[in-house]
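What follows is subunit A paired twice: with subunit B in the first complex and subunit C in the second.
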Partner chain A sequence: MSKFQPIEFYKNKKNEYSLLPFRFEPLSEVNYAVTNLVGEHLIIPRETLEDFVKHKLDSSSPHYINLRAKHFLVDDKTQIAKELLSIKLKTKYRVLSEFTGLHIFVVSLRCEHSCPYCQVSRQSDDKIKFDMSTDIADKSIDLALRSPSKNIKIEFQGGEPLLNFPLIKYIVNAAKSKQKEKNLSFVIATNLALITEEILLFCKQHGILISTSLDGPKDIHNLNRPRPGGNSYEKAVEGIQMVRAHLGIDAVSALMTTTKNSLGRVKEIIDEYLKFSFTGIFLRPLSPYGFALKTKTYSAYDANKWHDFYLEGLEYIIDLNKTGVKFREYYTSTILTKIFTSQEPGYVDLMSPSGIGIGAIVYNYDGLVYASDESRMLAEMGDTSFELGNVLTNSYEDIFLNPKLLDPIEESFAFSVPMCNDCAFETYCGADPVFHHAIYKDFVGRKPESEFCNRNMKIFKYLIERMDSEPYIKRLFMSWAQSNA
Partner chain B sequence: MLKLHGSAISHDATLMQRGLFIVTKKSELPRTIKSKYALLLDNYLNYEEGYGAYISFSEVKISNIKNYFYLPKEMDYLGEGDIIRIEPSGRINSLFRINSSHNTILLTEQCNHYCLMCSQPPKNIDDSWLMDDAMALLDLIPRETRNIGFSGGEPTLYGDHFIDLINKTKLILPNTTVDVLSNGRAFSDSIFTSKFAAINHFDCVLGIPIYSDDPARHDYVVQSKGAFDETILGILNLKKYQQKVEIRIVIHKQTIDRLVQTCEFIASNLLFVDHVALMGLEMMGFTRANLDQLWIDPFEYKDILSEAVDVLTCYGINTSVYNHQLCVINDDVLPNYKKSISDWKNEYVDQCDSCLKKSECGGFFSSSKMYRYSDHIKAII
Partner chain C sequence: MEANLIFDANIYSIDAIKKACYRNINRFAVNISKEEDTINCNITFKNTVTESQIKIYLDDFMKEVLDQDLRESIKKETEGVRNLILAHTFSKTGLIKDE
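Up next is the complex of A and B:
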């Protein structure tokens, strides 16, 4: 007789197991996605799912082994799943204990562009009325530095922040001299039309990064972003090259806004990003704010169009990677990070609890504090639901303990929201109370009607099925799940 | 293959007990340290009294010489600075070779695992003298040594004595990095782990095997129920205390089917480990007895190996492929390919003679060359 035992000796004899918390969602008539609270997922046939919940699944089946390895069940063989789940859950929510990391300073509402989709700019020379004052800046810096977060990122926005560059300089110097133990970083969100050598030298000296807008090829970009001279595209392209020449290739990132002009032209837009050596693109959903919301033209029709736009772009990017061109789509990457890792990518729209206020906060030019960038857009349209206070008159506690912040965070927490709480994709999704309030007038909305829910559900299902269909795509998606570094 | 163990062809029996000696040809060492050395005699001309032992590879006749051992030719690689153990029976072990970067010290042959492919089959006998020798060896190893390894058996079975050993290593060899091969189960005890961490060694890596993400399969490979949970818990504890951990996966027929899933499990649950080694099978010990259950030609699993490496590296996990030949792997694993086989048991086969990549290739275990290796070995030209 052999002194070695066969594998049967080590298997679970009684076929008894306990279920760990999990949720499921049909992908097709045959297959179901099952997920758990840290985002582990599997695709299993319906009958396997039924056997599994009825405690009839054979412990030697591959499905059983997969379910056990991904913490969907425990048996007398192993109890380690609970330990691993708890560590991963702690990692996932660790970001909450760090509190607000991104502090947006709207240093001026003035802009020389007149983009139709923008609600937060004015064509004006009235600096007194539309520029942030040093008083407001000082108070805002104090609030930003009160954040428990060790890493404080200050982002300058507008309008066009470079129209008030002296205040940017003032804030950078003041924040640096006031801070004691924080890691400070700075970003300027600019259309680059006004960038100069002098500004770039300052950026170089203080390690300031640039975030700009590139909506696609020249005609789309200039149509989306009118300015005197009609040369927004030329200015942006010139600016990108200038920034890179001074600060390095990765010092500038670009964001695109999807408009009706973009729909149907996603490949051209991506090619434009490739042309300028960007390593990825963020195919942003159509924004419901501003014009669209006012005129009630924001409809399912647009949402479906965007979905086609996104999928066509994503597939094009996958094909690019297959031919050896490394490029990624950042919205997908954000979701994949939640699918494949325990890290919280920190994208405010896809956070639950929502990232408003506690992930990012906006100090407006006039001293008012908003829970997010979208919150100040709503305010410009007359809805001040997410206006948290004024830096001149309110304390840190007034602002961050304001029920106008805490209530939406609590009420929209997806884990306890009807339909989200039993949704298999809840861990990949976000709460987005601002969006739901804007469209449905409450922080939650009814999910079957929620464009946010529909859009993301479609994407989650698509991504999970797509990577199951092809090992190459699973590997590619795994690499996108990792941070960009 | 170097013979690390041998028996003297002839010796005198005056050596009363086992002893460790540094090999030297220098016949004029100060009197106060001579006894630590074994003088390597070319002939009677460099003989000097007072050395701890005398060795030679051709017989030397000197009257009244004490502790003289005439060693077999296969051990004539021994040279200045090497450290040997001599037993009164005339048995000689090479414990430390100064020119080798792979000095591994065997601490015990006892183990609480009984792995299907164990290269060092466990023996249930009291061999704590090995630990005594290891402690003594530390006093002889030169301070410039870059790295030493400790292996078993299962070194942590010594409990606190294991902690003492690592602590002494830190104190005596403050600049030497340390590798320990362990199954990690002892570290499932937080108190033990905290004691280990308290040593605060600057670079001590625990090499711990995980053979599958399926606990039943892991337990089967190591032939011990409950091993998987304890090993995982051990790794978690070690990382909680910020200790360095390397995960070692031996690839064979019992582990290949879930190799990719196992790597996904590591990426998902143990992302914080310092290194993962994917290792080819060594044809030693139990492997030969269980060859039918274990053997799979590396050429057949090369795509799976590529996928496994891809998973780990895309998560940013430092990954190495050990014990494979360049002609049986895909090019995409080359960045992770390491020449890993210890010099003393590293060989090449006839096909390698005309291979252009021979110098970059890790070659074979002597045991593989002798018993079983891929049917797809061919010169790269």
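Up next is the complex of A and C:
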């Protein structure tokens, strides 16, 4: 008896197979991307797709074998696919039952910077008016610790949160004293202009991480971020070095904001990140909220210009990797994690059901609770559509069962949104009701006209085609997916 | 600028046509009507759209109708197994209750 089955064994002589649920989108005149419920993908010609759906695909063709291997069909050789899909899907949605993991505390709205695109800040010395009180902090901590999530991350934001550092100390100590079985972690999102040895000693003692802003070379950063003395860049760089000296090289991460000043200079911006030994960059689009919209900086460039900026940056990063420099683009990594793994990276904008409230929540300095950071930015512009309550007067149930949270989550769930429900990239994408409400005044928007949809659709198609074009890129992208998981 | 396209109602469903129209909502407006064996699409373009763009848009629209027809076939065949997989996925979450 032979050790292996003969090749005939693997042939499905009658071409009898059943389709498993899948969706498709055209990539070009010839090729189509097909994806299944858990995000497995293939590229096949339109002709093959039609043959496949009409049960005319030969079981010995390479396309058939790939479609079977990736759980797009079941035949008499494979019946386990349904169970495997269930398990992978269960893993993907596991994050839903964990509920809110990220709790943002806006400890002060005051800031010594006056960035034109900044969503929320006040140049003021009025601590009473713009700083969070200990009463509000206590109530917010209680709400945060009511979350079913075992892992609770508290992120301090502003304004500039270091302007109210005594309250940060108070919250860290108070949360730790009440944490019981929860795992707590803390992050301060700061421009680092006010960082001191004393603050860093406290951070070291409590394992607090730092998230800062670095918009690129000195001229771009200082143009984006005016402050008295015009030295925001110098302060940030000095601060990054101080944090690393006290807390270690990985204790500080940086975020960049794209403005019209950044366009055409993506390589210089990436070089700046390399200069300071960061291992990746998040090429963020400018958000359409707050002063960014009011001061017209949002309309200063359109989605296509950002797309060119992003692609030029991504290709530059790929080239860097080819020369042995390990560096990633984080938005791409988040998408790749969704493409290649059953893990949900938890990036609020790319979650469906939307991550507002259930992925992250904001406790504002004045006690008001918002469904996301972007929601409080909208509120600063007078739109309180996502204001969920007040920590001083509302219960956990009032806040998390507020129709202002549940309605947008339900309405924007991509599984049931026109066009999203049959889009091949739905499993990679998100709902983002706050963005659509801000721009189109409804939680869903018309997807063919949605900047969010167009931007992401172009990226998904580009990444899938790019991987198909070069084995090296596929290996690289798979490594980015794993390290982000 | 206007154009008319006629589809055979024995081959294409109204839903497939409607979905194809929706996907092109950023390019033109459509009035759909049905007679016995035909589905008529009266398409209106903005004045700024050129003749060559109209040709591309109509070609794309017809391809999209074919794609939507294919999507209907997939959905019809896989609906049962899709629901089964989803039921298994959420079976232990307590989120699905017996009616």
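Odds and ends about this structure:
Keep this in mind: the second predicted complex is superposed on the first by the 465 of 485 C-alpha atoms of A that agree within 3 Å, B and C clash if a C-alpha of one lies under 4 Å from a C-alpha of the other, contacts with A are read in each partner's own complex, and residues count from 1 in each chain.
Just so we're on the same page, contacts are C-beta pairs under 8 Å (C-beta built on N, C-alpha and C of every residue); 3 or more make two chains touch, one makes a residue touch a chain.
Being a predicted model, the structure only gives us computed values, none of them experimental.
When both complexes are superposed on subunit A, subunit B and subunit C fit side by side without a clash.
Contacts of A:40 after superposition: subunit B is touched, whereas subunit C is not reached. By the touch criterion stated above, A:49 is placed in contact with subunit C alone, subunit B being left untouched. When both complexes are overlaid on chain A, the residue A:471 reaches subunit B alone and has no touch with subunit C.
Legend: residue contacts after superposition of the two complexes on their common chain; A:148 is shown touching neither subunit B nor subunit C. With both structures placed on the common chain, the touch criterion links A:79 to subunit B but leaves subunit C unconnected. Applying the stated contact rule after C-alpha superposition, one finds that A:324 touches neither subunit B nor subunit C.
In the superposed model, A:448 makes contact with subunit C only, not with subunit B. In the superposition on chain A, A:341 makes contact with subunit B only, not with subunit C. Look at A:482: by the touch rule set out above, it reaches subunit B but stays clear of subunit C.
Smallest inter-chain Cα distance, subunit B versus subunit C, after superposition on the shared chain: 15 Å. Residue overlap on subunit A between its contacts with subunit B in one complex and with subunit C in the other: 83. Within the complex formed with subunit A, the subunit B residues making contact are 114, 116, 213-217, 219-220, 223, 225, 228-229, 232-233, 236, 254, 258, 261, 265, 267-269, 271, 286, 290, 307, 310-311, 314-316.
Note for the complex: subunit A touches subunit C at residues 18-24, 26, 37, 49-50, 53-54, 82-83, 85-86, 89-90, 93, 96-97, 418-419, 422, 446, 448-449. Subunit C meets subunit A in the complex at residues 19, 22-27, 63, 67-68, 70-71, 73-75, 77-78, 81-82, 84-86, 88-90, 93.
The residues of subunit A lying in touch with subunit B in their complex are 3-7, 9-12, 40, 59, 65-66, 68-69, 77-80, 83-84, 87-88, 340-342, 471, 475, 478-479, 482.
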